[in-house]
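Both complexes shown next keep subunit A, but they swap its partner, so subunit B is in the first and subunit C is in the second.
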Partner chain A sequence: MKKIFGILGLLIAVCLVTASLSDSFLSAYNVENVLRRSALFGILSIGVAFVIITGGIDLSLGSVVCLVGCALPWLLTVQHWPVPLALLAVVALSLGIGLFHGLLITKLRIQPFIVTLCGLLLYRGIARGFTADQTVGFGNEFKSLRLLATGKVPFFPGFDLPAPLLFLAVVAILAAVFLNRTIYGRYLLALGRNPQAATYSGISTQRMTILAYVVSSGLAGLGGVLFVLDVNSAQPVDFGSFYELYAIAAAVLGGCSLRGGEGSIVGVLVGAALMQVLRNMITLVTTRNNVEFAIIGAVILLGVVADELTRRIAAKRRAAQVLQGATAA
Partner chain B sequence: MKSPRSIRFAALLGLLSLSLGGCNKPAAPSVAEGEGKLKKIAFVTNGVASFWTIASAGVKAAARDLKVDAQTLMPAEGISDQKRMIEDLLTRGIDGIAVSPIDPVNQTELINIAAKKAKVITHDSDAPQSERLLYIGMDNYKAGRMCGEMVREAMPNGGSVMIFIGRLEQDNSKRRRQGTIDAILGRPDNSDHFDEISAVLEGNGFKILGTLTDQFDRAKGKANAEDALAKYPDLGCMVGLFAYNPPLILEALAQSNKLGTVKLVAFDEDDATLDGIEKGTVVGTVVQDPYMYGYKSVEMLSALISGKPGVVPSEKFLDIPARKIRKENVVEFRSELKSRLSAAQ
Partner chain C sequence: MSSPILEARAICKSFAGVRALKGVSLAVHPGEVLAVIGENGAGKSTLMKILAGVQAPDTGDLLVDGVGRSIRSVQEALSLGIALIHQELNLAETLDVGANIFLGREPHRWGWIDAGRVSREARAVLGQVGLLVDPGTLVSTLTIGQQQLVEIAKALSVKARVLIMDEPTSSLSDHETQVLLRLIRELRAKGVAIIYISHRLGEVHGIADRVEVLRDGENAGHLSRSEISHAAMVKLMVGRELSQFYPHQTHPSGEVALEVRGLRTAAYPAHAVSFEIRAGEVVGMAGLVGAGRSELLQALFGVVPALAGTVRVAGVPVIAASPRDAMAAGLALVPEDRKHDGLFLEMGVRENLSIATLHRDQRVGFLNRTKERDLCAEMIPAMRIKTPNTEQPVQFLSGGNQQKVVIGKWLATRPRVFLLDEPTRGVDIGAKQEIYRLMEELAAKGVAVLFVSSDLEEILGMSDRVLVLHEGRLNGELSRSELSEEAVMRLATGGNHSTAVAAS
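This part shows the complex of A and B:
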């Protein structure tokens, strides 16, 4: 928990600075927008956090977002499938991809980096293949289905909660309960910390690893559906491009160690929100959004360095106090 | 030794990879092979977009009419991908290439190398310093000015304007944006200057608040439109200069209940844009004629390869002018577009 205080502080600081520089930052309209974007990226980030906790990596999720995001409108508007069947197909597709990754990693012992890197190429290529590189979208149809991403739930007068935030809330609560309150969550953390020890303690590490990749791809699929319902069009060449890096960055910022065995869902949510607030800040406060990546990179790096330094200073102080106590005694 | 289970699994993988491989059939050539030695022409775009699908219909139609082997190539990964495609075409012994250079100044050398081995022309975006034989396209500065004129018609008393565009690296997008700005501010024709992306520009009763780019990330493009609406609650007009920008702006306007209140001036002919014009939520759009870019590129290259340089205009520029599409001519324009696309298929 301590690990997320630093990043939470950074998020609050960025929000305060933005609010003081821009009157519109705290307007209901803008807060709704930022919440919706954070929710969409938050869903992806929670998925990849599961994999990172096991000590793995999932580079394919941007391409899964692309594949699912293109497949849904393609099935509905080009193939004219009924909505429930199309949704079922994309859910099965994304879970199937996760299972495929998990089996390759556990049964054939191929490195997760390679498996998911090939996935990154494969799924975008497949999406480009069946759409023939054409932009797919819903046009003016499927308005009620699109409410899943564009809908709002009245919260208090003048402020509504964007629908994706509700999806995120459900996903985050389930993920947090799973990770912290069930034995399987403990297994997952143990597996990430020391896979051999986990195996010797009788944990079915292969099953847990497969589960992590299924969760990751499944949530990437959910993200893909919500992204395309929100944006209303997807171009297979660039849809979801680099989203895996945003998701991985959010997870790591939120306290997941790339070496595995550590991570908290709240931290991941804070990390995802920080990335989106930074992007929003750049458009609201400055008039040049071409330096966006530079600012995001610099702020995050500064935050992480400050976090590390304060932790070291605190540790030194504690050590000094212990030493003082010892000499006094 | 492998256990039977892992062998089964490996076999399953093999089957899966075979079935996936089967999805990737090579595209059929536009003219049947074996009809003697046909002139080989390539039409290289600057990316993948519905705009280029229309151009590719023109390429196909010209290939059929002129009996040449013409193909359209769309680089998906930017400038390095485009370079690779051109190099591979030269290796294959292509007779003529029409290319839309992504970065004209820095690709001059590549175009010159290609021009030594094949007939090379540019389309859509020019590389005037290079040894290309001809440029087919429109003047993006003039087309931008058409956009600016529509902004002024939509807001006769002036107001604030925000511009949205994919990226500003390429020559055509710079000129398109500059034309829009100059027409809104009532400046005289001067296509050679470039206003800073972050500058707030005022004149003629208008205030141009800035230009936002998205590097083709659609979620980002929509976020840009939303952020502009949040930042400027009294925004008067939004201008979307790449084909996918206006539909994203429409989404942002619909979600903030500002459809019709904030004016939207568009570029290119996305379906959602044309729907918006019919409904009155989009003021109008400026369209290029990609079909003719494709058709004329093949026609000119075919003539050049046959040794008929006389077809090339003396100024080395074949103008295919842009048009303004508004409520009164949108239905007619759509039916023309539809018939061209279906004729090519």
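This part shows the complex of A and C:
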């Protein structure tokens, strides 16, 4: 919980600094835009958080975004599939990818890093293959479908909520309920803490691990659909490129430990928002977009170092207390 | 006789307040095989580690060639000619045989490893131990027995004058054992002093010139060559008063709760084990380390698959492919290594206690928080778990309280058969007694209790009946009236039932 306050404080600080440096930061247009991007990345981050909680990693989700983002317009405009069928196909595709990862990781015991690294190469390659590296897009069609991502919900006069935020809200609530209120959420956390003890406690650790990868790829698929609907077209070469790293960084900033067993949905959301505000700040405040990665890298590193230091101080304090208790007794 | 090459005087060593060695003395002479024997936990391995510089003694003196020395590191011990071959293999599996033999003291020229010399000298020592493999062979491709021989070759290559072997034959085949014993005789003839630790009294009888017996971290006695006999060794290894520490009562036993027929485990596929346990019985399972006891419990509980055999709980056949199946059949297992297999250290007492019953108490997939709270309210006082609150991470509890959390978690599943693997290991004396009391209560409620223990006193104190395993085989069963430390030790070291009971 303390962890979330720390990252929330950082988010607010970055917002304040940006607002003081740039007049346009708080404009309705910009706020809507940042919220939309945060929502899209939030969905990806929640997905990868599930995997990180089990102690695994998913490097493939940027490529899943690319594959789904290219497949949807391709199926609709080139193959002329009906909308429901095309949506069903990309949903099945992304869930299938997660299942495939999960089975490789649990049944063949291949390391998640390797499995999803290969996925990263594989899915982008496939997308570039069937599109022959050509940009695929909706052109001027499918306007109503695109409203899923571009639509706005009136919030108060002069300010509307972007539609992806509603998707994020639903996903986040379901994920939080799942993690905190269901026995399976508890199993997932326990598995991340100690897979061996989880097995001894009668938890089907393989099934839970597979589930985590299915959730991760499934949400990457949802993200891919919303991303491509939002921007109207996808270039297979770089669509969704580096998104896995944004998502992983958001999850880690939000309190997920790469050791597994730790993480909260609220933290992940704040982490995802922080990433997007940072990017926004760089665009608005500097004239140089090319330092984006350097700044984001530095902020994440600072956050993680600060977290580790506070943890050590807390541990020392606790040890001192125990020692005191022991000598008193 | 010549003067001792290595002598230990009044060595004391404590770990976290537990006294492992209480003033042990030992001397070994050139060209002599000294066997050191004792029960599990008698302090043998600790003493050997001190002799070889792995650990430092708290007090006491070490003399090499009659000169007082403080051996503070393995390097120092090696430079004095003292080499230890560990019980657990210490080889780098991904390196080849030659690299392992010279690990840390590679012959080199200008910083480059002299591969030719490594190969030549490795071949020579490998020839001595009768292991005919190329020095370029990867260690991971060798059998455990061959790896053991590589360890011995490594010790030979430092030209050790004192060679300490901690249960070198525990993983060797009969043939490999014979090769090793022949090698030991050759080394002895060359004037090397050998300290030989083994549980296999037959081997000791065959090779030792002298036997030193340790018990509870003290010298229990010694035997000269002419005095060595199976009976004499067992007598020295055990032979102490049983305290009134155990709350054991005889239980009226009920129906057969657990029936095991022809169970084979991966550890000892050649031996099928069969036994049954009645409701309300407390059965101890004794045997030496490596006798296959833990593997048996793990197979029963579905942690590792059994190779063959049938298991019935209350007459109903159980196919335990996973712990979940075993739990559904009414089994519970308190594992040997609680930190590794039993607990979620960073999670709270509540979450640890409820983890095995979440599934049963669920409300269509949702946590039943009321039941979870009730469980804590019931278990924490009943088990006398000392914790400031229900959310305290279990890593901050003492070993005894941690173990009570593990036991409590399984009590909550209300099992018919309770399996415990070394239930009191690393637990303080107060918690020990409470665990014994719990085992008694369980039996009184009609639960069948099967516990594995390396603590003979505990086996004798708590069991209605004792099953003794020897190298994967159920070597015998002792009723309470037949129970004695000598009888258990005889069966555990491979003796047969009639002589075991007659001797005691």
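Following the convention adopted for this analysis, the second predicted complex is superposed on the first by the 302 of 329 C-alpha atoms of A that agree within 3 Å, B and C clash if a C-alpha of one lies under 4 Å from a C-alpha of the other, contacts with A are read in each partner's own complex, and residues count from 1 in each chain.
Simple rule for what comes next: contacts are C-beta pairs under 8 Å (C-beta built on N, C-alpha and C of every residue); 3 or more make two chains touch, one makes a residue touch a chain.
Quantities reported herein were computed from a predicted structural model and do not represent experimental measurements.
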Overlay on subunit A: subunit C relative to subunit B, clash or fit: fit
First, second, both or neither for A:T77, with subunit B first and subunit C second: neither
Touching partner for A:T182 - first (subunit B), second (subunit C), both, neither: second
Which of subunit B and subunit C A:I203 touches, first, second, both or neither: second
Larger contact residue set on subunit A - subunit B or subunit C: B
First (subunit B), second (subunit C), both or neither touched by A:G129: first
First, second, both or neither for A:N290, with subunit B first and subunit C second: first
Which superposed partner A:T106 touches (first subunit B, second subunit C, both, neither): neither
CA minimum distance (subunit B, subunit C), superposed complexes, angstrom: 11
Contacting residues of subunit C [partner subunit A, same complex]: 301, 303, 322-324, 326-327, 333, 335, 340-347, 351, 355-356, 358-359, 362, 365-367, 396, 409
Partner subunit B, residues of subunit A touching it in the complex: 22, 24-25, 27, 29-30, 33, 37, 40, 100, 103-104, 107-108, 122, 125-126, 128-130, 133-135, 137, 139-140, 150, 227, 230-235, 237-239, 241-242, 279-280, 283-284, 286-290
Residue ranges of subunit A touching subunit C (in the complex, touch as defined): 181-184, 186-187, 189-190, 193-194, 196-204, 261-262, 318, 322
Residue numbers on subunit B that touch subunit A, as the complex places them: 6, 9-10, 13, 16, 20, 23-24, 47-50, 53, 74, 76, 197-200, 209-210, 212-213, 216-220, 222-224, 226-233, 244, 247-248, 251, 255-256, 271-272, 275
